[in-house]
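Chain IDs A, B and C follow the sequence of writing; residue 1 opens each chain.
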Amino acid sequence: MLKRMLFIFLSFGVIAFAANVGDLTNVKTLKVDRGLTEAGKSCVECHAKLTPGHVNDWKESRHGHVGVSCIDCHSVKKDSPMAAQNCEGIKGTEIFVSSLVSPKTCERCHPNEVKEFQQSGHARAALQIQAKEGMISLMEYFEGRNHPDLKHSPEATGCMQCHGSIIKLGKDKRPTAETWPNYGIGNVYPDGGVGNCKSCHSGHKFSIEEARKPAACASCHLGPDHPDIEIYNNSMHGHIFNSEGSTWKYDSAPDAWEPGDYRAPTCATCHMSGIGNLKTTHNVSKRLKWNVWMPISKTREGGYETAVKDFENGKITKGNALAGNPDGSAVARTEMEQVCVSCHTTTHTKNFFNMADKHVELYNTYATDAKKMIDELTKKGLMHKDKWSDKAFKIWYHLWHHEGRRMRQGALMGAPDYAHWHGVFEVQQDIRELKIIYEKRIKSGKIEE
Amino acid sequence: MLKRMLFIFLSFGVIAFAANVGDLTNVKTLKVDRGLTEAGKSCVECHAKLTPGHVNDWKESRHGHVGVSCIDCHSVKKDSPMAAQNCEGIKGTEIFVSSLVSPKTCERCHPNEVKEFQQSGHARAALQIQAKEGMISLMEYFEGRNHPDLKHSPEATGCMQCHGSIIKLGKDKRPTAETWPNYGIGNVYPDGGVGNCKSCHSGHKFSIEEARKPAACASCHLGPDHPDIEIYNNSMHGHIFNSEGSTWKYDSAPDAWEPGDYRAPTCATCHMSGIGNLKTTHNVSKRLKWNVWMPISKTREGGYETAVKDFENGKITKGNALAGNPDGSAVARTEMEQVCVSCHTTTHTKNFFNMADKHVELYNTYATDAKKMIDELTKKGLMHKDKWSDKAFKIWYHLWHHEGRRMRQGALMGAPDYAHWHGVFEVQQDIRELKIIYEKRIKSGKIEE
Amino acid sequence: MLKRMLFIFLSFGVIAFAANVGDLTNVKTLKVDRGLTEAGKSCVECHAKLTPGHVNDWKESRHGHVGVSCIDCHSVKKDSPMAAQNCEGIKGTEIFVSSLVSPKTCERCHPNEVKEFQQSGHARAALQIQAKEGMISLMEYFEGRNHPDLKHSPEATGCMQCHGSIIKLGKDKRPTAETWPNYGIGNVYPDGGVGNCKSCHSGHKFSIEEARKPAACASCHLGPDHPDIEIYNNSMHGHIFNSEGSTWKYDSAPDAWEPGDYRAPTCATCHMSGIGNLKTTHNVSKRLKWNVWMPISKTREGGYETAVKDFENGKITKGNALAGNPDGSAVARTEMEQVCVSCHTTTHTKNFFNMADKHVELYNTYATDAKKMIDELTKKGLMHKDKWSDKAFKIWYHLWHHEGRRMRQGALMGAPDYAHWHGVFEVQQDIRELKIIYEKRIKSGKIEE
C-alpha cells in the first residue's frame, strides 16, 4: 500500500514536471524532487548487480541526475496489457512493471518530442512493412522459403531491427522472439504507443549528445538502399566531422546548438536542430522537399504522417509517403536552406539545390522509362511468375530501390561518389540492360531461358 | 663475455617475472628490475636514430616501463634458425638477434595468453591456407596465372597479410619477400612458434587498450567474406561505440574491464574479456556456438584447435574447424550469454539468439540445396573444367563464402543490413540463378556457352 | 578613399609577410600587423550575423590570429573578372570582392605550396576531365541522356565535386550552378588560378591539422575506383590510426611532424610530409613510382605535371599522366622508402615493395591481354555502337578502372582485402568472362543478343 502510494506520487510528480517543461512561453520554475523513493532505490540496487550495464548508463544520464529512475519509466498500471511481475522484488505487491517502455510513457515528460516524431516518416517505419504485401512476401516467402519454423528470421534479424515491429507478448507477458528485441524506430507497443526513442537516444543513458552525432543515425541509415552515413562521409560535411568532430560541443540546449559548437553539420543539425531562427523538431520529414525513396520521386505536399493516427483508428496502413512540411515542399526547402545559409552564401545554397534537384528529375526520367517497360511486359504476360527469378524485375528493383536512391540521396546531400558511381553510373547501365531484355521479350513474345 | 652474462641474466629475470604473473592464486611480489643493461641501452640509443618509430612506440609501452627492451625480445640463442648478426652493433659479439619475434619468445612472459591463442581458430589461419589445395590454386593458378615470377603476389599482398604465412628465411637469415612482412595472425616462425601477437597488439607498443578496440580486429575482419567491422558498425553496439567510444576506459586490468568502463561491448568484450564471472581468454573460439564460415554451418563440438599441435608433429593440417569450447557448443553459448546479460535481460538475450540461430539454420537449407545441385552437376560432368569460368561454381562460391557468411554473421551479431540486404536478400537470388542454370544443364545435358 | 588606401596597405602588408616566410634560408623577422582595419572589422561583424559558420571558423584559424581577415582574401582588383559588389557593405566604394578565392590569392602568402601543388597530379583534376571526350560523353550523353535541361547534373553533383570544374560566372558575376559550388581539387578560376586549397584545408579554418588526417583525403579518395580510405582502414597503418589517432599531435611545424607525434602514418605522412631528411611537399605525385590509375600501369618518368602550364598557354589538355618526381621513378621510390624506414627495417621495406610491384606487374599482364581482345573486337566491328550496352566493354572498363585500380593500390598501400578480394579475385573472373564473350564473337562473327 505504501509502495502503491509512492508509485502514484511519483507518476504525478513526473507529469507535473513535464507540464512545466512543455510550456516554453512563460517563466518557469523547474521544481525537481531529486531524492529516490525506497522502491526506486531497491530497483537500482538490485539491478546494479543483475544488469550493471543498465545502471551504469543510468547513473550518468540526465534522468539519473533529476531523480527519474527505473520504476518511473518501467512501472505500468495493473490493467496495462504489458503489466507483469516477472521481477522477484515486486511479486505480490501492487507494483506492476513492463520491460518494454512505450512512447506513451516517454510522452508524459516529452510530449512535444513524441508528437513531432509521430508526425514524421519515422513513425510509419514498422506499420509500413506490415501493410505492404510485397515486403511480407519478400521476407517470408522469397527469403524465408515459407519454412514453417524459420520463415520469420529474415524479418526478425533484418528489417525489424531498423523498422521496428508490432510487438506481441507471450502468455508470460514477455515479448515474442519474432517481434523483439529490436532497436527499430517505428515499434508499435502493446499499449498502442508508436515509436522508439531509444533508436537514437540509446538506453539507459538517453543522451542528447549521442543523438546529435552521425553514429546515432548510421546503424540504420546505411547500406545499398539508403547509404546515408556513407553519403555523409563522402561529403565535405563528413570530411570535417571526421577530422575534428570528436572535439565539438554536443550538449548545448535545444535551439541553442549553433555553428561554433560545431564546424560542420551532423545529420541532426540539418534535419532536426534549431539553428538561426529555425526551431528544433523531431519531425525529420519537415525540411524535406522530395520523397527520395519512392520508385518515382514526388515532392512532399501531404502534410503530416498519418500512420499512427490510422493505427489508433484500428487500421494498419502505409501512412502518407508524401508527408513532410504541413505547409508543403516549398516551405520545407526554405527551412532547409535556412540551415545551409548559416555557413554558406545564398548563391552557394541556391546553386547546390538547383543541380541536386535536376539530378532527382534526371533520375525520374530513368524510372519513368523503366517502369513503362516493366508495365508493358507485365501486361503482356512476359514476366516470370516467380519475380525474383526474373532478370527484368531484378534490374527494375535495383534501379529504383538501390542505385536510384543512392543517385538521389547522394546528390541532395553532397556526396559525389553516391550521386555518380554508386548512382547514375549504375542506373544508366541498368536501363540499357533492361532495354535489351525488354526488346528481346517483346520481339520473341516469350521470356528468355 | 660481460654482454653474454647480462643477456643470460636478463632472460632469467624475465622468466622469473612471468612465473610470478602466471600464478594468480597466490599472493604475489612483482619484483621488477627496471634498469636497462648497457647492451639494452645501446640498442635503444642507436635505433632512436635508425627507426625512431620503433623507439617512440616502445617508450610509451608497458614493456618500456618495466624495463623490457629491444634485446629482451629480439635476442635469440646462437643455434636458433633465426639467429643473425645483421646489426652492426653486435657483430662479432656473442649476441645473436632476430628481427622476427615468435610467440615462443612472447610465451616466456605470457604463457597463458599464447596457450589460449593456440587453442583458438586464430592459430590455424596460416596453416589452413597451406593445407588447402583449393586455396593455393586460387592464389597461384587462377589469380597468379602460374606466372613464374609473379604468381606469388596474390598470396603475399593478399591472403597472407591477415592469415599469416610459413615464414622462410633467405641465405642471409632475412625473411623472403614471398613470406614476409605481413601482419597475419597465424604466422609460423622458423623456430616453430605459431601466432602473431602483433596483429592485435601492434608493435612496438603492444598495448592492451588497442586490442580492446574494434579497430584492432577491423583491418582483417572486414570485406565481402567476413564484414565483421561493418557488422559491428551496423549494430546498436557499434552505434554506441561510434558515438562515444573515444571517451571510454580501455586499460582496466584483465577480468576487471567491466560495464561502466564502457557503455557498449567491443569485439574483445564479447569474444575475449572477463566480464561478470567469466574469465578473460585469448581463445576467441571459446564462446562460439556455431562455425559460421563453413559452407554448411555446424555447431562447434570439437574441443580445442589442433593445427599447432599437428605442426609440432611435423604435419601441416587445416586443424579443427569445429574447435571451440572444450565443453561443447551449449557451454559456449552459455558463456556468451553471460556477456549479454550484463546489459540485457534474459528474455532479450534468449529471444535474440533464438532468431539468430534460426537465421543460421535457414541459411543451411539454402546451402544444402545449392550443394546438392553442384554435386549432381559435377557427377554428371556438367561443370566447366576451369572452375572460375563456370557460372554455377561462381554462384555457389559466392553463396556460401560471401553472402552466406554475411547472412549468418550479421544475424549473430545484430546487424540487420548484413543479415538481410547483404545476406539473405542476395542468397535467395543466388539460389534462383543457380537453379535456372542447373535445370538448363540437366535438361540439355550440356554446359551453356 | 580611406577604404581604398586601407585595402592597398593590407595587400602589401600581406605580400611583405609572404616574402619573409618564403625565404627559409635566412634568419627571419616575422613582423606581423595584427590589428584588423576598419574595413576588415566591418566584414567580420556583419558576417558574424549573416554566416556565423564562416566567422566562427575564422576566429579559431591561424589566419584570424595573425590578422588576415575576410577582405584580405576576398578583395580583388576592380578589373578582375571576378570583381563584384554583391555585398551591401561595399556598394559604391572602391572595394571589389569575389566570393570565389583562387590559388592566385593563396600564393601571395603561400607561394611554395601553390607551386608544388601545380606540379602534381592534383592540378590536372578538372582540366583532365574537360579534355577527355570519353568522360564528357559518359557524363552528358550516357548518364545525362543528352537531356537539354538535365544533362549537366551528373557532372555537377558527381565528378566535379572532387575533380573541380572550369568555373564560369553569370552576368551578375555569380558562379553558375553547372560549375559551382564544388570542393574539387583542380578547380580553374576565372582569373586563371588552378587548384583548390580548401579541398583539404576546409574553409574558413584552413588548418594544417585537418589536412594531415585521413579524413581530409577520404571524401574524394574512396569508392569503387580508388578506395584509398578503405585501403588505409584495411592496412595496419589505418588499424593503428583508428585505434588511437584521436590522441596524436597534428600541429607540429612542417618538416618537424615526426614519429612520436603519431604512431602510424596518415595519407599526408607518406605522400607529403617532411620526415627524417625528407622535405615537406604539396606535390603528391613526387614520391610515386607508378601511375596506378591508367589502364596499363607505367612508371612515372615524366617530371612535373603540365596541365596548368598548358592552360596558361590557352590549351586545355590532359596534362602529363606520368608526371611524378622530376628525377624519375627510381628517385620517387627512394623518397617513399625514406618514409617507411622511420618505422620499418630495410628488409621489411624492400620486401614489401618487391611483392607490391609484382602485383602491379601481374595486373599489367591481365590488362594487356584484355586490351588485346577489346582491340581485336573493335577492329572487326564486333563491339556494340552504344558502348555502355556492350558486355565486353563494360567488363574491360570495370577491369581496369575499378577492380584493377583496387588491385594495384591495395597492394602498394598494404591492404590485403583490396589487393585480393576487391582486386585480383575479381580481375581473374573479369578476364574469364571477357574471354568467353570474345571467343563467341570471333567464332560467330556477330555480337550476341
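Things to note:
Here, a residue touches a chain if its C-beta (ideal position, glycine included) is under 8 Å from a C-beta of that chain, and two chains touch if they have at least 3 such contacts.
Treat the numbers as computed from the prediction; the structure is a model and nothing was measured.
In this structure chain A contacts its sequence twin chain C using mostly different residue numbers, the overlap staying below half. Relative orientation of chain A and chain B, expressed as the C-alpha superposition rotation angle, is 120° to the nearest 5. The geometric centre of chain A is 36 Å away from that of chain C, both derived from CA atoms. The set of chain C residues touching two or more other chains comprises 246.
Of all the residues in chain B, the ones that touch chain A in their complex are 233-236, 238-244, 246, 258-260, 263, 341-345, 347-348, 350-352, 354-356, 358-359, 361-362, 365-366, 410-411, 414, 416-417, 419-425, 427-429, 432-433, 435-436, 440. Across the interface of their complex, chain A is touched by residues 50-54, 56-57, 99, 138, 142-145, 147, 149-154, 156-162, 174-178, 180-181, 183, 202, 205, 209-210, 213, 215-216, 218-220, 222-225, 246, 386, 388-389, 394, 449 of chain C.
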